[in-house]
């Protein structure tokens, strides 16, 4: 499939006796929002670790824009445009909000092996960072230290860090984790606005958000992809219903 | 004109804690007992004898490394003061042996005393450091070394104290016809093997050992299992201190009992742990034996080999320097191929 | 700290030898040089330890490498400071590159132990190198030759050279930590895995910082060899690495003047105690323990509320 920006073939990862990723095949099309759902412990975050390069898979291949990146380091993938966000907020807490974003902008704008000129003199970095802040809705908090932001704002910044690297594909690991309904409502349009501009693999527990955002959905159970399809197909899939028995069921949320 | 002429600040800064290296210096300390210095040919027997010496040293290193690796593994804490406990064990043994006239009485008392001191140290200072960053741990335990070294100097003086080989073990014994070996060194090997075996059984076969291993590989899990982690930590620490004291007591008669002895061997124990993998008893054993044998063999045979290939001048110039880096080269090699050590305890 | 204070301190430092001459306190000019040399070494360590969060316990290796380079070069007749000192920095950089490349593959407790072990290896190597004095060390026949009418034999001239290099080091540190490289370094200290995932090859930055710190420390080593006109393996002993660490914790982690303040406090304290007791390390030990347990941000925190926060515990 040439229109796939990310292609995963037969990916496996075990931890001792536990099979965390079991022969996963997955294709994310260019420009789509592809949701990855599954019960707790299905191996979603483990998969993101492997896709982003923080965890080496045991076997299988990961292709990004047609290039094998299976053994590529996380930073090299990030520079090629494959960028992740974290389920557990991972920001630079002692930095101001704008400096967080500046770091991410700086990563892709020229060498950072520069030793003399203060970063504060580099207008271009700050201009670009400011426009990112406007996009994620944190422009009023630019000078605030990240540690003292509200939880929802920290989640926005989390996403902003990933966005500031100008990715062509985002791996969003539960972007709405721990957010209240109001805070989620701010994030959903933001993610929706990225559709078409870049490709997204969205991992999310909030089924409402998943079915509103996703073009296609894959279901991961016990490390295996048991189904992939458009939301209606997934909703109707008996295997998915069985896997979700007792958990929140995709169909119910929508019904 | 200088008002207070002091020739050099530096040796004091450098040698403040640490006495200037004595002649014939090697990282294990000074060998007092004039043993096995026969410059014989590289016969099989000689090789065997050096192998035994390596084993003997390796086993003692293991005693130090075992306690240290558990503390590292379970508490994610770096403890530089471990060597001070070893030093303390040796000094206590020497003093008690002199007072009581019996090495056999001195060793258990020194063991218990060092264990108690270790536990007191854990309760008073180290416990406060578990949650702190490594930098603080390094500095605080470094401070303990400074204090311990000067305290020992105050009590026992700056000169090395003597700890004699027990009379019954002072001679050589015949292992087999044509091969005699120091009875005392043989005793060290036997004691080392017994302790290593007991330790292995303790850690792998008992409930306490299981908890310790659980703690070493996953602290949260151990906490979740309802283990009284604080008590376990204190006990493990006291146990590690006792092992240190045992090593200090056993090595005391062979090496000099002096201020600074703890730091030299501590660094070797670090090398052992890096090679073996943090938190792994098995790794500590394999690493300790590797380091013991490689170091002993290197010091004996490398100069000989150099002499055979190059000139005696080269051998005497470069031999000791090369021999002393062998174990570090070994460590570098392990790091290069297996950065987590040979037997990583964490996943 | 008010902006004017560093300038006042600099003015005082420039005036100091002139005043000292008047009052026949020549010893203290030499003492001040020594403090400044340790300040350069400690400042270089502060770059990787304070700003970079790398708890390197082997900094004395670079100190010794620099010192021995100058001493050995002099035995071969190379006594120009313009050649020998850069050479000392180059050698220290090479040593730092080797040690750093290996030890930075690991982190946390491993990193501490490995840097310590490699530095100690250097110590043993120089004890074993009989050709360069072994444990006795080497005497330098004279100080390096600098030309331009300056004679380093004169303690005041040497003092000014060291002062200039210290100021240079502090300016370099100041520029560096605010430039792109320094920003990256501090962000790595705070959250290395996130730096990886936004596209930084963190290993390269850390290694680069490690080499820069080693190079500057090599310069300090070259200076100490000149100061004492004597080098021995004790320069590389891990106690020296520990002393440098103590200076930084006393002076302030990731604080511009942390290394300088710490060197002053440590050496003056040692100088003040030593006439009264041979157990000065006993006192320093307790002071250090108290600082670590009760004032972890160092003395600089007393002057400046803006000192950076402590590096977080490295996640193993």
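Every chain is named by a letter (A, B and C) in the order it is written, and numbering of its residues begins at 1.
The rule is short, and it goes like this: a contact is a pair of C-beta atoms (placed from the backbone, for glycine too) under 8 Å apart; a residue touches a chain by one contact, two chains touch by 3 or more.
This one's a predicted model, so the numbers in the text were calculated from it and none came from an experiment.
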Chain C reached from chain B - shortest hop count over touching chains: 1
Chain whose Cα centroid lies at the greatest distance from that of chain C: A
Innermost chain by mean C-alpha position: C
Computed distance of Cα centres, chain C from chain B, in Å: 29
Chain A-chain C separation of Cα centroids, rounded to whole Å: 43
Approximate Å spacing (C-alpha centroids) for the pair chain A, chain B: 49
Sites on chain B touched by chain C in the complex: 1-6, 8-18, 20-21, 23, 25, 27, 72, 76-78, 125, 128, 131-136, 138-140, 142-147, 149-151, 153-154, 263, 267, 270-271, 273-274, 278, 316-325, 328, 331-332, 335-336, 339, 346
In the complex, chain A residues that touch chain C: 52-54, 73-76, 78-79, 83-84, 86, 90-95, 99, 102-104, 106-108, 111-120, 122, 161-162, 164-165
Parts of chain C lying in touch with chain B, wherever the complex brings them together: 24-28, 30-31, 34, 49, 55, 57, 102-103, 105-106, 108-110, 112-114, 116-118, 120-121, 124-131, 135, 224, 227-228, 230, 232-235, 237-240, 242-243, 245-246, 249, 253, 267, 270, 274, 278-282, 284-286, 288-289, 292-293, 296, 310-314, 316
Contacting residues of chain C [partner chain A, same complex]: 175-176, 178-184, 187, 190-191, 193-202, 205, 208, 308-309
